[in-house]
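Each chain gets a letter, A, B, C and D, in the order it is written, and its residues are counted from 1.
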């Protein structure tokens, strides 16, 4: 789960990191009032779960409260990569001397949190890593010890020469690790970490992704979820316990298992179609889940055909078939449905489906080809 | 022969009295696996009823289970909040292999559990994996026994049902398997492609390997380099998620393209550059491995 | 630093352990009011840094508020092993089914915290450990991981058969470790850990010692220090940065270094005397420290002679000698002083001391023999 | 010969710019020890002025100091709050021996630092120790160089000034030392009596050992058993704290009788039972070791 900049900043502040003040506005008037309260130049920043908001015009400097209101008017409601901006963060502009990058993320290969720092901050760190890897210093943290003082120093020492700045940055790096662990994060990043001409080190931007598997035990973090920033269909899927990602195509996909679901999408593309979604319905034959899945898929007006691809595995296929039939009886579906079911008792399952009027298949290729054809307007 | 599990596997089921644990223990015993013990804290002294009148003793803790039964392998079906603790307990108990089926285990918990297991020299498979099966010998986890058959192919995959799909097609084409291993869809897994490839290379009965990857991370790229450098046996592969958008988690916690890293494209390229024939669709795997074996 | 039962209970409660309620009284009337508030039978418990308060009559059951007042009257002001009881804890009496022991302490050999549990609680655990070691289960905690769930279960499983009790005790054991670590403790102990007939596991007694080296970073724990329970001379010594322990003899000892200070006390005994104290004055030649040390030693009316035993080491002996002379000029000392000084520039030092009228020695044995003789009334 | 330090010792001083650090670095250099580097974060690039015109480069961090100078031993003079961190840094830097002089380091911090150092295979001496000296070769720590002299005795002690006393008497009687080691007065120390006894046994120049213990813990008892089982060389001993009351900390954090455990009496008994002659007072040590050597 991604959280907003202002929420990540709250976590960072709680860990002791020097983060400049800031308040959230949902209307231009609020932004004006907040800016007036700070006085002087402020920054108005779109709060949206997407990179590239700067390029999209979602971050603007305002020399006074009136201009802050103006910018907030422009930014609120803006569409950034398909997401509507509902909130802006208003924060006093800082006197920036240098910009660095400090981030920590879970490294699969090292099986542990790994820091990445660079004196080249305020830019796309992936680009820096690719073009000039020598400008990046990395350190893997042993989860048994956490980050050790000399390790934090080693990272900070790569960013600055001035001992006073190194000392502050060492502290911030250790605090960032605390925030990362105490939030159940998979990624936490300060970009840029600035120095001011007064010699202070501050985090003026903040980004954090939470490991979804941590949320059950971190209600304070779960409370940061902003469902307004997600497609309604994805919110509904999560509530139904389904794994769903909306895409732009017209072939609705309903598959058991994440790997098979991806392979099914890929096969739709292979046969010239475009998948409308990723959806993992899990291993259950429960009609309620199928109903929820169908409701979610059909809430997308682009969907022209619906494709089930179910590998029975240990669950018996006839049970799954009955679940699908019962579910489709309960609700009214517009687009045509084609179903592939294979595994234990597949013959029985295919009979049940055919009797209920479905096109039933045992081959994944056949069903996908058919679904693509249907979506393209074929019969 | 097979890898990781065989006729000598003596299995203990952690969470044997739970809904999933009991269901899959029955399936596992049906397949003929030697299930010697179950563990559920607070239910020690009770008995699990197997499918054909066999009974399995239940213990409160892994140390007791191992001491009493000589179990050498454990499989974990406990809820996410306790799963990492179960891995730690298993790794501390003397078993050599721990198979963690549970999905949704906090990654920070697993970081600790993995280093603990490494220190103890214990192999962890998973978490969030379907387990593994050595046809005709033993099954540990949730892979369906009826779709596999004995034969010369080693299969390793990050996915569950995609594994079924591939195995189903292999078996249908008369290509049986030595062992099918699902390494799991989580970001931090205990056993990776390379571990399995190394074991398949060393297994005399395995003649060729099918490797099923997916988006996220660079495990496939490293595996490809390993194949090129260390494998004499042919390997063919498939990558799921060619149509997945960046930045979105595709079901598996580990199936996510981060920035421009972890795409299907780069993985397929790595496969091809290292002599691993890449299937465009699962159905092509059979032909590719048949060609490779000839 | 030892803390009182009621303070340890606060730490335990903060860690989530089920500790029955309780309040502190410093007068019999307060005890009466507290007991009346609880209603029913209460226990009145002396709060004193000493074992054996039960045997001394410092723990009494009161069936009502009037009796609680009576017992508090008896216990407050009581002398237990040389310490005056200033406070009592009044706590509702519990319905006790079984009594177990759970403790954790820093194990020197294992270099880590080690748990010790026994179903034989409410008694002297050292006695149990000595007589029936098979009734004790021990577990060393890897400081990199803390206590793991299965380890806590393994300990709890040694105490109880009932899964519900085991579950509660496992949790308490893990919480006790948290309290231990978060208090900077060197020892934390629940004796007894009881079960009630309702099937609850509770900590009705609590004991905790804090690692003195932790106090600088734990002001909340340092605030628990009860100087009224220590001899005034020891409080003064701590404030002056001296390590001092009051004893019962008549030869005051002022030594640099803890090991040499103990050896000096032992030598006093060897020559037939009794040391009045342990005092490590440290390596400095600062007259202020010597003044503080002399004030502390002479505040003990038993002291009949004062003995300095200083090994100059790296500090030059003449510097130390000057410090002693200056200090003794500043204050008026009753008992005779004899001084041993050896190391670099000892000849010069002895000259300085003799000129100032002190008996000066280079041999430890000679000075101790002399001090013992002086204390016994010799010249 | 000597143990732990010798002419090849290349010393780095952690906290070289502090009051104690700079004072004892001068003393250490005066004694002829090869001090190759100092470390004080934020003072990297500066220079420490030695006693006879030598200069020592100062670094920001241990890894730099070791990389630039090849230091193999470190000594720590940093304040208690940072001392365990300094041990971790030293253990991570590639030196083989870390001598921690600092008194008052939180014991829980040291528990972590000790396991870290053990994992890295690095020897820690202390904390809260006076260090060690190999007469005529090198001195690391705060033991006064002027009281030692070369000779056949190995000395190991939990105390500082009591060590001076014993060394002073040995030297006075013409009994020089191979190495004098102060293992420290804290509850958790990195190098214990047995480690030193083992090294002295292996050192051909050491002909006999003087062991100075004190109340608290059971290190002396275990050392006594070790002497009996593994030592061919004579060992004599002394225990400080025969008159110490139970439950009171006698200066050293580790010098405390807990309940009935850790008394001088039981330690002296353990010594005697294992063939270690016990001095009733420090002055008797000389006679005992002379007898033992003859």
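Criterion: contacts are C-beta pairs under 8 Å (C-beta built on N, C-alpha and C of every residue); 3 or more make two chains touch, one makes a residue touch a chain.
Quick caveat, the model's predicted, so the values are computed rather than measured.
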{"item": "Selected interface, B-C versus C-D, where C-beta contact pairs are more numerous", "value": "C-D"}
{"item": "Inter-chain centre distance, chain C versus chain D - centres from mean C-alpha coordinates, in Å", "value": "27"}
{"item": "Mean-CA-position distance for chain D and chain A (Å)", "value": "55"}
{"item": "Rounded Å distance, chain B centre to chain D centre (Cα mean)", "value": "52"}
{"item": "Numbers and ranges of chain C residues touching at least 2 other chains", "value": "144-145"}
{"item": "Residues of chain D touching at least two other chains", "value": "112"}
{"item": "Graph class of chain-chain contacts, one of line, ring, star, complete, other", "value": "other"}
{"item": "Full enumeration of touching chain pairs", "value": "A-B, A-C, A-D, B-C, C-D"}
{"item": "Residue ranges of chain A in contact with chain C within the complex", "value": "144-145"}
{"item": "For the chain D and chain C complex, residues of the former touching the latter", "value": "24, 27, 80-81, 104-108, 110-112, 114-115, 142-144, 146-147, 157-165, 168, 185, 187-188, 212, 214-215, 217-219, 222, 238, 240-245, 248-255, 259-261, 264, 280-283"}
{"item": "Partner chain C, residues of chain B touching it in the complex", "value": "41-43, 60-63, 82, 85, 88-89, 92, 112, 116"}
{"item": "Complex interface listing, chain C residues touching chain D", "value": "106, 108-109, 111-113, 126, 142-144, 181, 184, 186, 211-214, 216-217, 243, 245, 247, 255-263, 265-270, 275, 278, 280, 311-314, 342-344, 364-365"}
{"item": "In the complex with chain D, residue positions of chain A that touch it", "value": "145, 148-150, 153-154, 157, 163-164, 166-167"}
